[in-house]
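Note that the chains take the letters A, B, C, D and E in the order they are written out, and that residue 1 is the start of every chain.
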Amino acid sequence: MNTETLIPKVGVVTDIRIDTPDVKTFRVVGLDGKKVFEHIPGQCAMLSVPGVGEGMFSITSSPTNTEFMEFSIKKCGCLTSWLHAMEVGQQITIRGPYGNGFPVETALKGKDLLFIAGGIGLAPLRSVINYVRDKRENYGKIQIIYGSRSKDDLVDYQEILDEWMQDEGVEVNLTIDREQEGWDGHVGFVPNYVKELNPDLSKTVLMCGPPIMIKFTLAGLKELGFQETQVYTTMELRMKCAIGKCGRCNIGNKYVCKDGPVFRFDELDELPNEY
Amino acid sequence: MQGMMIARAGELLENGTVTRVLGWQTGEFVYDITPAVFESAEELEKGFVYNSFCGNNLSKYLIQASRKEGKILVFLKPCDTYSFNQLIKEHRIVRENVYIIGIPCDGKTDGEFLKAKGVKGILGIREEGDNFVVDTLYGEKTIAREDALPERCRNCKSKKHMVYDELMGEEGEVLDSHRFDMVEKLEAMTPDERFAFWRSQLSRCIRCNACRNVCPACSCEKCVFDNPQSGIAQKAAADSFEENMFHIIRAFHVAGRCTDCGECSRVCPQNIPLHLLNRKFIKDIDTFYGEYQAGEDTESRAPLTNYTQEDVEPSIVYTRGGNN
Amino acid sequence: MPNEVKAFKPKIVAFCCNWCSYAGADLAGTNRLNYPADVKIIRVPCSCRVNPMFILRAFQRGADGVILCGCHPGDCHYTTGNYYARRRMTLLFSMLDYLGIEKERTRVEWVSAAEGAKFAATMNDFVETVTRLGENKRLEDLRCKE
Amino acid sequence: MLKLSLKKLDELFAAMAQSQALYIPADNGGQAQYLRWAPGMKMTAALNTVRSAKDFFFPQTEGLVNFKMTGKTIEVIDPRTEAEDFVVFGVRACDARSFSILDKVFLVDPVDTYYQNRREHGTIVTMACRQPEETCFCTSFGIDPTHPEGDAVCWMTDDALYFEAVTPKGEALKEKIASLFEESDDAAVKAQQAETKAVLDRLPLHTFTAEPLGGDVLMKVFDSPSWKSLSEACLGCGTCTFVCPTCQCYDVRDFDTGNGIQRFRCWDSCMYSDFTLMAHGNSRNSQVERFRQRFMHKLVYFPANNDGEYGCVGCGRCLAKCPISMNIVKVAKCLEGELK
Amino acid sequence: MQRIGVFVCWCGSNIAGTVDVKAVSEALSHEPGVVYSINYQYMCSEAGQNLVKDAIRDYNLTGVVICSCSPRMHENTFRKAAASAGLNPYMVEIANIREQCSWIHKDMPTATEKAIILGRAAIAKVHLNAPLMAGESPVIKRALVIGGGIAGIQTALDIADAGFEVDIVEKEPTIGGKMTQLDKTFPTLDCAACILTPKMVDCAQHEKINIFSFSEVEKVKGFVGNFHVTIKKKARFVDETKCTGCGECTAKCPVKGVPNEFNLGMDNRRAIYIPFAQAVPKVATIDPNYCNMLKNGKCGLCAKVCGAGAIDYKQQDQFVEREYGAIVVATGFNPIKLDQFDEFGYSQSKDVITSLEFERLTNAAGPTSGTLLRPSDGKHPHTIVFVQCVGSRDTSGCGKTYCSRICCMYTAKHAMLTREKYPDTDVYVFYIDVRSPGKNYDEFYRRAVEQYGVHYIKGMVGKVAPRADGKLMVQASDLIAGEQLHIEADLVVLATAIEPDKTARPLATMLTASMDTNDFFTEAHAKLRPVESPTAGIFLSGACQGPKDIPDTVSQAGAAAAKVIGLLAKDKLTTNPCVAESNELMCNGCSSCEKVCPYGAITYLDKEFRMPDRTTMVRRVASVNPAVCQGCGACTVACPSGAMDLKGFSNSQIMAEVDAICQMK
């Protein structure tokens, strides 16, 4: 464990991909050109631009990627705007990994997995999806239900088309909120689409998206007969230290940065509804 | 007085004039009184209190409270009414939703102040004539009321209510106070002495923001010191500059708006005499631009949003007071 | 001359209103009237645009003196701006003095567009005053001096 | 047990200060505050300092890391220099206990090395209480103010100071100062303890306990309707937080010096409206929620994570200092009332 | 992160002579965000501008810093160049390294160092610049003139002659104003009516002019180019469209004892009246305070005699809403009340009169048909004392501190005319100073003294005491002779100070136009913009801006008209984008900003906000009208919460400049 956890390392942005009008994916390596640290899918890192701010971002790339880490970041505040304005070669600071991550080597192992994501919510799941795709033998069937406002707002669309959809045993269901020219796929909100698709009850669900989507999808899943113990999600709250000490990201007695960000819904049920 | 207040508040609740009552509630000890909203005669009977420890200025609570459904009854001491008026002037309180009962005040003290006078382990307090008789863990102690009052009350500027719908007790008068004595004393010091004085005071600041949050003039929706976009946001004063900066800017922002209610100094956990900053501005305004008492009325232009062609030049500062 | 003590060069920020004083500074330039390079001018639309925050900020960042120049009272391009500035600065300077901060570090001067000579003379005088006072210690932020 | 005449107190301070920094509670601005001892400085007569002793290990602001930025590159600089050894003298039992609470936050994995470093360099000399205030309720948390924890413990009678080393650090200190002392029995100390205990029993809050809030009533307490009225008058200032010996929330901020960025941490308060503010929302939007967080943390969340130990030591500072006199005792009593 | 281009100008040797321009462009090239940095001989030349344009395109610049001469010189040049290359012109900042650097410093290292710092400050500012768009607002091509005196008439005629519609709102039943009451006018002594009434008729007949007589402005909303005005047409109980002004009704009306305000109460009129023969519009008006029909329903005679059927006892106030591009204030003046001046005996004797009353007494259409008679006994006065500065230049607090400007000249006129018509009359004029700076004015005054033998005495009148025999005892001091004088006068004429009309103050509030402490409208600039109010689109004509005589009034009226024409000739107004902007989320609605705004650009809205606990709360917030704001920034400092900021000179921009300048490097 890094004992100087509050002192970050320097990372270099080696590639910037424009995903959607407000999401970019940044590739980051250390000054030595190698990965800055290893992580578990679902874990996060604190990225910062000194003088602008520091923020927690989920690591979008899979641990199986040995060369670099990727972060898909939506522009919404001061720091993210700055990140979006960066050019390749820019250095930033990075520390981590933080959080518990998804139980890919334990609870999820050998299971059929259903990923449900909305908008930028795909970012933390992408890490798991690619991890699972790379260790195909350890997991069962994979289904991905992903929706966004429009076709242009689908994060990693090219990767979904070129890789995920081509994989055997991976079923991808895409949907967008409203009809759009050049889109012949499904149209409609994610919660409804999930119900329409009526996934098999044996699947373990990994879900991430805007709170409103989570709320309705969870209700839908329960209607279909899923148990809360089958459904994982990942949370985001205000964080400063990322090591469970600065005192702000707690939900009840759990710190999202340390005890989370991945929670099973039955765990969340035991916590106050303050997130 | 307390009995009359409870009775009258009960009546006004009963007859539907008001739906809530903003007053003071008893605590664990005789002195730890909390502002509170009461909604029924029972609640009033149970917890309403008015005594020599009800120092809290309730005006600021009305910014939120007056925007809620229904009319609220508030008890205001004379100095609180200045704050109330100033908030009305700044359109911060919805006047129609407030029913004011003016109540008399003979000065308010607090537990901390008594302790500073050397009283330890306060168990109870009786008022006997002009004295407070304090029952403590270590015996009984008598303090003259005059000595037990903080500076703001010893130099009370007014016993007159500037605004009310109903008055309890007699109408008081605006007083001649000596409230600028200490400011004058500081002005008479050398700059080095003044600097040393203020450093010793402001260096104790822990930036708890109590002075700001209690201040009826500091009613900003978002304070510049909390707003990262303002360029001067700070959470803890990291060094002497930031300590000075916070207090200078805060005093400047309330200059011409501060009614000199003294809450800032009352709440400061570090006993910094913050009112001396505000009073400096008040005194300067009086000297440079003519007597002005914020909160005296709801219409007049505040000194910093006003001018005359003959105003003094800033260079007056070079020629005045504080020998070099 | 490695051991020679470097002469103190003050940092002076001058806020100048666009219509009078900034033009006055331009005129000083046009007439080649010297004043020390320690003075750096920031153009503002009107003296009333100058927030006390800016002045404190300048001291924080290492300024040794701050001067505000505007149109003469009565001549404000915006009619009344400098009247407000006058009140604000009078009170602010008085407060700084009250806190024991050298009052000579701050100044307000009214300089019209025609007063190039006055501008230069004012700046010369102000730099001299501030140089005499020496480095700003009482409103410094040590972090900015590292 | 060692004994020293109070007349020789200055000599003791001088001896302690010889090889390390010494801090004692002294009067400043009419109240007590820990100040670095210098010859001539006297100890306060006040029971306790306004600010707690947590400053020594968790100062209000502290530089974490510096950055130098040139073009697109960043240089990371650890600004720390080896901290000097220091002694804090006169810490009360409540504050002494607060260190063990802070340790449970900062010294658990991942260790906060800034805190740890200061902790290692500090020696705590505690002082037993003689005249508790009515706001004291440390006994409610199992603290004995007549026999505090610490590296070394002192008792002060009318004419003498008694000293007892507890830990190796305390022993090390003892060695440096032992020559000033004489050996003594503990009769005077015992007598004083008994006297103080009698006062403790008369404290208005001596029956107070937070017990009923522990355990599985968490959600019930969380949803209590009383939070609204309890927090109604709260100003949202940070007084309670900042005078509290166990509050440890902090903020991390960057300061642009013009020549680089200094990243520092400073105390933060969960009472502040921007504490949990994010670019796209705030998980604790209203003062009710923020107020609740503070008390839930001390009375429920912290015990839940730390074997039932409360995040409060009963020092009474918040009782004395809250501008509106709302405090943990009132909150706990009210909630307990509801649970009944 | 901006992509900034830095362009350092040599200005021949003007800059390059003392500033090492290469070192400057080199040093600045390392600043954050700078992707391009060069120096060139003449940046303002076409070639230089092309360098900027090319770099903007080639390097995708989002910000440009030009280190050159004063922005007062070439800021616009470079802004235009940037715009032509597709960059928002407000992304350009100038570092003034000529006037404020190379020209004042002789030592190259010093000047170079300073130039670099100034460049850094400009770069720091550009980092925070945002593209600004000049707003546009349409102009309604109609003007409103408030007040139908000579000022209003002249302004209206000039505007209408330029082809724009004009409405005149006059509160009296007729236009014409004070000038209609005058007899002769100085210094040429032509008759006021002879020169005024043709203009009144012109107004009435001009197809572009619409007169709202007996009307007042009720409400004003909007801003320059787009004012929405509600006009109250007060009920006159006579249908204007039907009344022919024949006068039958005014002759028959049985109520005869109504004081005639046109003659200042020195004679009477009827309850239905036409103020004077040449009134425009020549329409009767019923005075409801006296009309029996309106008071108690008994009479109705006027309706019976009216051949046109114009009488309408049921008429109500009417409200007309009109839109205007510009508003001219021409509300004029009134003599002050003399309550505070007991020493002159105005209230005690009918023979102590004001100068305006004197005008009526000498006017052929006046109560005495032009024969100068004492109001008390109708006899010819033989000794007349004129007292100057009654209430003018008065620092005692009873009167006005200013000079009323017209009194010296009209008193000379009165004195002269009296001596001419009644050579047997002794005329004394007591004065403090005689002010006669107009064209041919001093000659006029000297004629009164030298040719007409008027006794001008420098001195003050201390007391006027009516005696039982009807004589007025005038006690005065002769400051030159140093003696006390006692004069037995038959008539005393007081040159009463004039003040703005009482309607001006509420009107100013409606217009958000500023006034001075005397209630005169303030001009946008005392010297350079004398006929404009600081509030855009509001113009000033005549004595509402300050005391003035007819020639000055007419010239100012014309000037105001020219300004209005200039405004109305535009189809659209381009607004300065560097205006204040209020952040509603932070605004407290405290009104501090509004108080210091010289232009009335700030208004308040009650806005509903979603509160954190998902309830809503209505809060008052400031809103800046960008078409009216001139960008001074007074509001930004008045605002304690920092909700108000100024585009182009924002708090953060200025602080960035401060930082850059103070930076230790």
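As a convention for this text, contacts are C-beta pairs under 8 Å (C-beta built on N, C-alpha and C of every residue); 3 or more make two chains touch, one makes a residue touch a chain.
Note that the structure is a prediction, hence the values are computed from the model and not measured.
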Lowest number of touching-chain links that must be crossed from chain C to chain E: 1
Starting at chain A, fewest touch steps before arriving at chain C: 2
Remotest chain, chain B as reference, centres from CA atoms: A
Chain occupying the middle, per Cα centroid: B
Mean-CA-position distance for chain B and chain A (Å): 51
Inter-chain centre distance, chain B versus chain D - centres from mean C-alpha coordinates, in Å: 30
Where chain B and chain E are represented by their mean Cα positions, the distance between them in whole Å: 44
Interchain centroid distance [CA atoms averaged], chain D/chain E, Å: 67
Contacts with two or more other chains, residues of chain E listed in rising order: 596, 638, 651, 655, 659, 662-664
Chain C, residues touching no fewer than two other chains: 52-53, 57, 61-62, 74, 80, 84, 88, 143-144
Chain B: positions in contact with at least two other chains: 224, 230-231, 238, 304-306
Chain-chain contacts as defined at top: A-D, A-E, B-C, B-D, B-E, C-D, C-E, D-E
Touching residues (chain side chain A, partner chain E) in the complex: 82, 85-87
List of chain D residues in touch with chain C within their complex: 255, 257-260, 262
List of chain C residues in touch with chain B within their complex: 52-53, 56-57, 59-60, 73-74, 80, 83-84, 86-104, 106-108, 138-143
Parts of chain C lying in touch with chain E, wherever the complex brings them together: 11, 13, 18, 22-23, 25-30, 32-35, 37, 40-46, 48-54, 57-58, 61-63, 74-75, 77-81, 84, 88, 120, 144-145
Chain A residues touching chain D - in the complex, by the definition given at the top: 1-10, 50-54, 76-78, 80, 87, 89-93, 236-238, 240-241, 243, 245-253, 270, 272, 274-275
